[in-house]
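Look at the two complexes coming up: chain A is in both, with chain B in one and chain C in the other.
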Partner chain A sequence: MNFLPRISLMQFFVLCFISSFGVSMSTLPRSVAESAKEDMWLAVVVGGVAFLFTVWAITKLSGYFPQQTCFEYHRILLGSVLGEVANVLLVLLLITVPIISIRSFIVALKIYLLDLTPLSIIAITVLSFITYAGQYGLLPIIRTLQFVFMSSHLALLLIILLGFLAIKPSHYFPFMAQGFMPVLKGAIPSWYSYTGPEFIISCLYPFITRKEKVFKSGVVAVIVLMVVYTLIIGIVQGILGAEESAHMLIPTVIAYRSVEIPDTFIERLDGYFFSLWIPVFAVCMLIWVYLVAFGMKQICRLEYSRPVVVLLGPIILYFINVVPSVQIGSIISEWTNYAFIVWDIGVLPLLIVLAWWKEKRKNIC
Partner chain B sequence: MNNDNNNDNLSAGKNLAAQVKSLKSLIHHARVIEDEVEVVARSLQEKYVFPEAYQLETSLKKNLKTMKDILSDSYDFHFREFLIVAVNRQAAVVFIEGMSNQELINMQIIDKLMLPPIPGREFSPQDEMFSYIKDTMLSVASISKVDVLSEAVKRLLAGDTLLFVDSIAWLIVVESRKMEARAISEPATEINIRGARDGFVESLQTNITLLRRRIKNPNLITKKVTLGVRSETDIAIVYFRGIVDGKLVHAVEQRLEKIKIDLPNGVGVIQGMMEDHPYSPFPTMLATERPDKVVAGLMEGKVAVMMDGAPFSLLAPATLSDFFQTSDDYNEKWVVSSLIRFARYISALLALATPAVFVAITTFTPGMLPMPLAINIANARLGIPFPAFLEALVMIILLEILQEAGIRLPKTIGPAVSIVGGLVVGEATVRAGLVSAPMVIVIAFTAIASFNIANYRLNLIVRLLRVPLMLMGATLGMFGVMLGYLLLVAHFSMIESFGVPYLEPMIQKSARQLSDVKDTFVVAPPSAMDERPAYLKPEDSQRQKE
Partner chain C sequence: MLTRRPLRTWLLFGVMLVLNFFITGCWDRKEIEDRGFALGVGIDHVVTTQPKGQYDLPSVTQEFGERKYQVTFELPRFRKGEEKSGGGTESHYIFMGEGESMFQIVRAISAKTYFSLFFEETQVLIFSEAVAKEGISEILDYFLRNPGMRRKVGLFVTPGRAEDILTGKLKVEDVNSIFVSKILKNVNINPRFASLTNLGDIAEAIRGKKSFVMAEVVLENGEIKVTKTAIFNNQGKMIGEADEQEVVGGRLIRKKLKEGVISIANPANPEKLAAFEIVEAKTSVSSHLEGGRLWFTLEADFAGNLGENTEIDQKTLDPTFLSAVEEQLAAELTREVLAIYHKEQALQVEVFDLGALVRRQYPEYWKTIKDRWEEEIFPTVPLEVKIKVTVRRTGMIN
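Let's look at the complex of A and B:
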């Protein structure tokens, strides 16, 4: 018997937080520093506040179809052909996240931790975990996320906070020297770092137990993310400065490599930072791969997502190896970011209008 | 001429020798054939007997012959024929020596049945035989009338005595079980300081008594089932009515029913066949030899499965946190117990991961260590012929050998072996330059940490998983160790015990269930533990009444 999983609000919060956190944590300071300079931390806050609109929009849209996933209501709103096209586009958009993120992660690992290990080996091990953990369905995945959230995320947060010991206050100035425009420009690349909750809501809304509280929980998750990202950006800015952050490949890692706490057992933070980042990143990818598998399952109208998860491993591995260099990976990442913005502030409002119109017509009839 | 005679004699001798040889060979073959014929004849005689194929007859002689056929020539099978004077009928008692109370058979059955009738209460044809014998002759507490032979055989093999009476097609079963049993003693694998000292023994009845002594309530239900197609072993399902979730009892019963094996040779076999994930190294039923632990489980809403002949009882469902709890936790002040409980979790983690982390850090990321420590370790490893992984592996194998030797040896020698192994061999290997001193410290620390794991079975699993985790640390450094940790967490998340996730109540579904954490990582004060664990879905969730 195929039981419908039930997700509590606490689990929903963890899902939202983990789906965002861990992917772009390492590269976010670079992308915002390029535009916002010394106001980079403010750009992340602005990006987070703007992202709340997306959370509202997707909750509103899902509210029209409380028992259907986005893959089902796309067909209702856009018709079977267009709806299916939208579904395929969405799945393609979702799958780029694990491909790009795993690619950047394994490159970072190779540079800083496993310099002699081939990239494919690191990718295969990460994907092996994802395949193993992802094939048993949503509830085991959520339990894994909850356990890792309790252990690794909180420990990583402690390590992140230790970075305050190495900051230089002068790196935060001048404040708003070029006005608000650079902050707004910086908020655009920070959008990608918040991406996650909207897809959790759109795909898993029917399984959430207390639907009336979804928006509230989503907002809390985004605010917590905003605080954590602001902390990270603030610390990286404080350690490296805006100028240096903008030119580093993975500024967060570089920043934590330079933190030293002499005469304590933890003299250097980078090893601990990396060790804790590994589970945080892996579970983040786990949920993204599951969302892709979930989407493919819905498109192909399969009963279980297990075969899809198993199939996705080699596919993702293939595309990870296709990306020829870090620079091209960065460009793809940038375009994916724009695609997400288009989906979030372009497609979603359009779908809301369509849903509202259909609802209105139904009421008139 | 002489030569010819000599030649003749020589050839005659050779002929004779050849004939003797062939005769010997013939005799040998004849003996082989005789043995084989005997085996065939015996196998024809000793065919597997199905008692259900036999029926009770009215003739005593025929019934006794049937019993002989069924029980073959077993030397412990006895019967004694005599005359029931009061009813003037031939009768026989049938019992198994060593399983039945022979004093009771002599004094309360045979002796009483051979007495003349009570004056004024003689047997008349209108009397019903069973009632007459029961009411006027047998002075035993529990007797019953059985008219199915297979049922009677089952009772006989359980230690009861069968009374056959001539001319009737039923028999009387007198409860006369008396089996030698080990005295109740302190559990060997779950030693406590302030907890109760009694442990389960091999007798199912005694074990149930140990539970009943603690819960004097008619709602403590014990259901008996028989398991083992050939052994007919008694199994008891125990639960507390009004607390336990009915679905759980049903699931336990169903799973037991599905087991079709010859002989459940220990509760481990039943556990292996009942568990949700038989291929997982982690147990999803808790085996315990402590009655107080079983009683606590029953009062939370769990179901116990007990087996005759096994000093362990199984509790279902069991989650990971159950393996970190001991009875002593509830006999100490909650602050102290909480500290000890938390230390147990940390110990399990250290016992599992310390060698792996040490190998990973020393091989890949020595920068994670403080500089002086990293230099000390590097200095100590100078001249060691093995890489860190092999060094650790050698020490772990040595540790395993010592631990196993300590268990198998007599109690008086075991500690001596541990000391010799730990101190002498450890010191000698360091001096010989086979392993470094830091590695000895790491492995010794790992061993001590593993002793702090409350459950022996979990301890074994930690020992088992230590090596693959170390291998991951040796090949991929801290990345490998963290990946091993993730795989372990994913495995925990995947497994369930009778529908309960294995990580309950560590991982809560919602904030409303947070009260279950009161007895997980820490131990809350007794007054605060007023609710039963919600994940067990108890019928009555309140543990403390107003």
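Let's look at the complex of A and C:
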């Protein structure tokens, strides 16, 4: 029996948080430090505040079509041809996230944890989990997310906070010495870190039980993300300094490798960091792959997303291996970030205007 | 004929059977005895480039580069439970390689052992003074790129050869590198003890084109001592050293003097001594800019105990005596601060992070002087020192 899943507000919050919190926290300090220097933590806050506009925009847009997903209302707003083009572009945009993220993650894992394991084996393992967990629909996914959120995300947050033990206060100064422009420049790369909730809302809005609270819950999720990202960036800045963070390939991991708590059972944080990061990352990718499968299901008008999820595994694996180096991966990641910004602050407002105009015409008629 | 349900069960059983072959061990499994824990790394210049022995084993074949550095690796010797060690050479293995590329030297060791060198547990990286004077920035590049290396590794300079620190026999039963790193736990107890500078700190200084200091370590008669401080310029080259009293001054300016014992001539009888133990320390350093004139002020407030007084007839609770002790201690600490400050002004290096202080307090002014800071500006900037010492207790006797 095919029944519609119902998503509670708490589950929606968990979905929003987990969809954003994956691999970008490991490289974000580098991207923001390059532009914002000592104000890197502030750039992340500014990026988060700006992202709230996107949450408002997508909630507003979805509010016009409470029983339809974005793939359906794109066709209504843009026409069947243009709407389908937008859907395909959106699916392509969504699929770049697991490709880039899994690639970056497995490289980090190989460098610091599994140095003898071939990259493809790590990728296959991650994708196997995603394929298995993702093929039975949204409800098992949400249950998995809730379990991992309680067991791994909260524990990882504790490990992240222990980073405070190694910070140097002098790394935070001077404050705003270069003015506000570098902070704004730093906010651009931080956008990618927040990406996630807008697609959760646009794809899953019809399934959320209390639609009137979606905006509030989305804002809470983004604010919590903002706090967590600011903590991470602030701690990495405090440990490495802005100059060093800008030169590191994976600054968060390097910073946490520098934290030692001698004569305690913890001793070093990096082992705990990695062991918790693996489930945190895996469930983040699970959502993204599900969203891609969900989009493809809607485009192809399939009844179930299961065959699409199974098909996506080898496709993602192929493209992960196409990326030749970390540098090329970073460039692709940068361009994907720009594409998300264009979608969030370019396409979404345009769609709102169209929806508002259609609504107005309908009322006049 | 198999029905649909049993077929799936058999398939599942088959998959689980096959999985047994793949999940019985970790792909990255490596036994502890197969890991070459390089606990200490010593870097010297090669003494002679003549072949050493018939096969010249220390030599590392490189496509490019000279036979420039001799790199010594100290590895722990794992013993069975019942075996006892006499310490020194019985506690460790030593491997050496000679070349210019650190990477190739490290890999060349693999041709001499059944394990590969592992840097996750490295405790110390020691440079000979000759190598330090030539510059360490290029050497550190490999260690900073190596994902196994931790940024907490302690860096040291030794006046002699670094290999001697790692290969010398100690009186205590320990691996030399571990012993050196353990000494650093006492860094707060002894103010004449150079503060630890680790790989992360040095990398940050080199990247920021800033001068830095590194503790010196010596080994003599089976004893290791961490002493003095090697001073490096912003090119990563050692250009001088601070003696143990100057180290106290340097630590005071960097707000790292928290504990320790200071001795002075007894105010009542200059032939006798009085020793003061610092228990509490509050230090603040500020920069001031007025009319284009820059200067620094250092204000410190120390409180502690009179721990020793060799003028035994002296009534130590006498307020006149105590205030004289306090004044003399303040004067001595001021002298030590100014000694290192003036030395660094003469060397045109600034390792106290005073430039960073100016940058934080006057960022616009900093932009105009940052390129001339060490060579032109810092040597002319005065430092005003105000130190207050309070003797709280005089021990168990009057």
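Just so we're on the same page, the second predicted complex is superposed on the first by the 365 of 365 C-alpha atoms of A that agree within 3 Å, B and C clash if a C-alpha of one lies under 4 Å from a C-alpha of the other, contacts with A are read in each partner's own complex, and residues count from 1 in each chain.
In this section, a contact is a pair of C-beta atoms (placed from the backbone, for glycine too) under 8 Å apart; a residue touches a chain by one contact, two chains touch by 3 or more.
These numbers come from a predicted model, not from an experiment.
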item: Which of chain B and chain C A:Thr117 touches, first, second, both or neither; value: both
item: Which superposed partner A:Ile160 touches (first chain B, second chain C, both, neither); value: neither
item: First, second, both or neither for A:Ala293, with chain B first and chain C second; value: neither
item: First, second, both or neither for A:Gln11, with chain B first and chain C second; value: first
item: More chain A residues in contact - chain B or chain C; value: B
item: Touching partner for A:Gln146 - first (chain B), second (chain C), both, neither; value: first
item: Which of chain B and chain C A:Ile278 touches, first, second, both or neither; value: first
item: Set of chain A residues, in rising order, touched by both chain B and chain C; value: 113-114, 117, 121
item: Of all residues in chain A, those that touch chain B in their complex; value: 8-11, 109, 113-114, 117, 121-122, 125-126, 129, 132-133, 136, 139-141, 143-144, 146-148, 150, 209, 264-265, 267-268, 270-272, 274-276, 278-279, 282-283
item: Of all residues in chain C, those that touch chain A in their complex; value: 27-28, 30, 147, 150-152, 200, 203-204, 207-208, 353, 356, 359-361, 363
item: Chain A residues touching chain C - in the complex, by the definition given at the top; value: 111-117, 121, 170, 173-174, 177, 240-241, 243-244, 247, 254, 257-258, 260
item: For the chain B and chain A complex, residues of the former touching the latter; value: 361, 364-365, 367-368, 370-371, 476-483, 485-487, 489-490, 492-494, 501, 503, 506-511
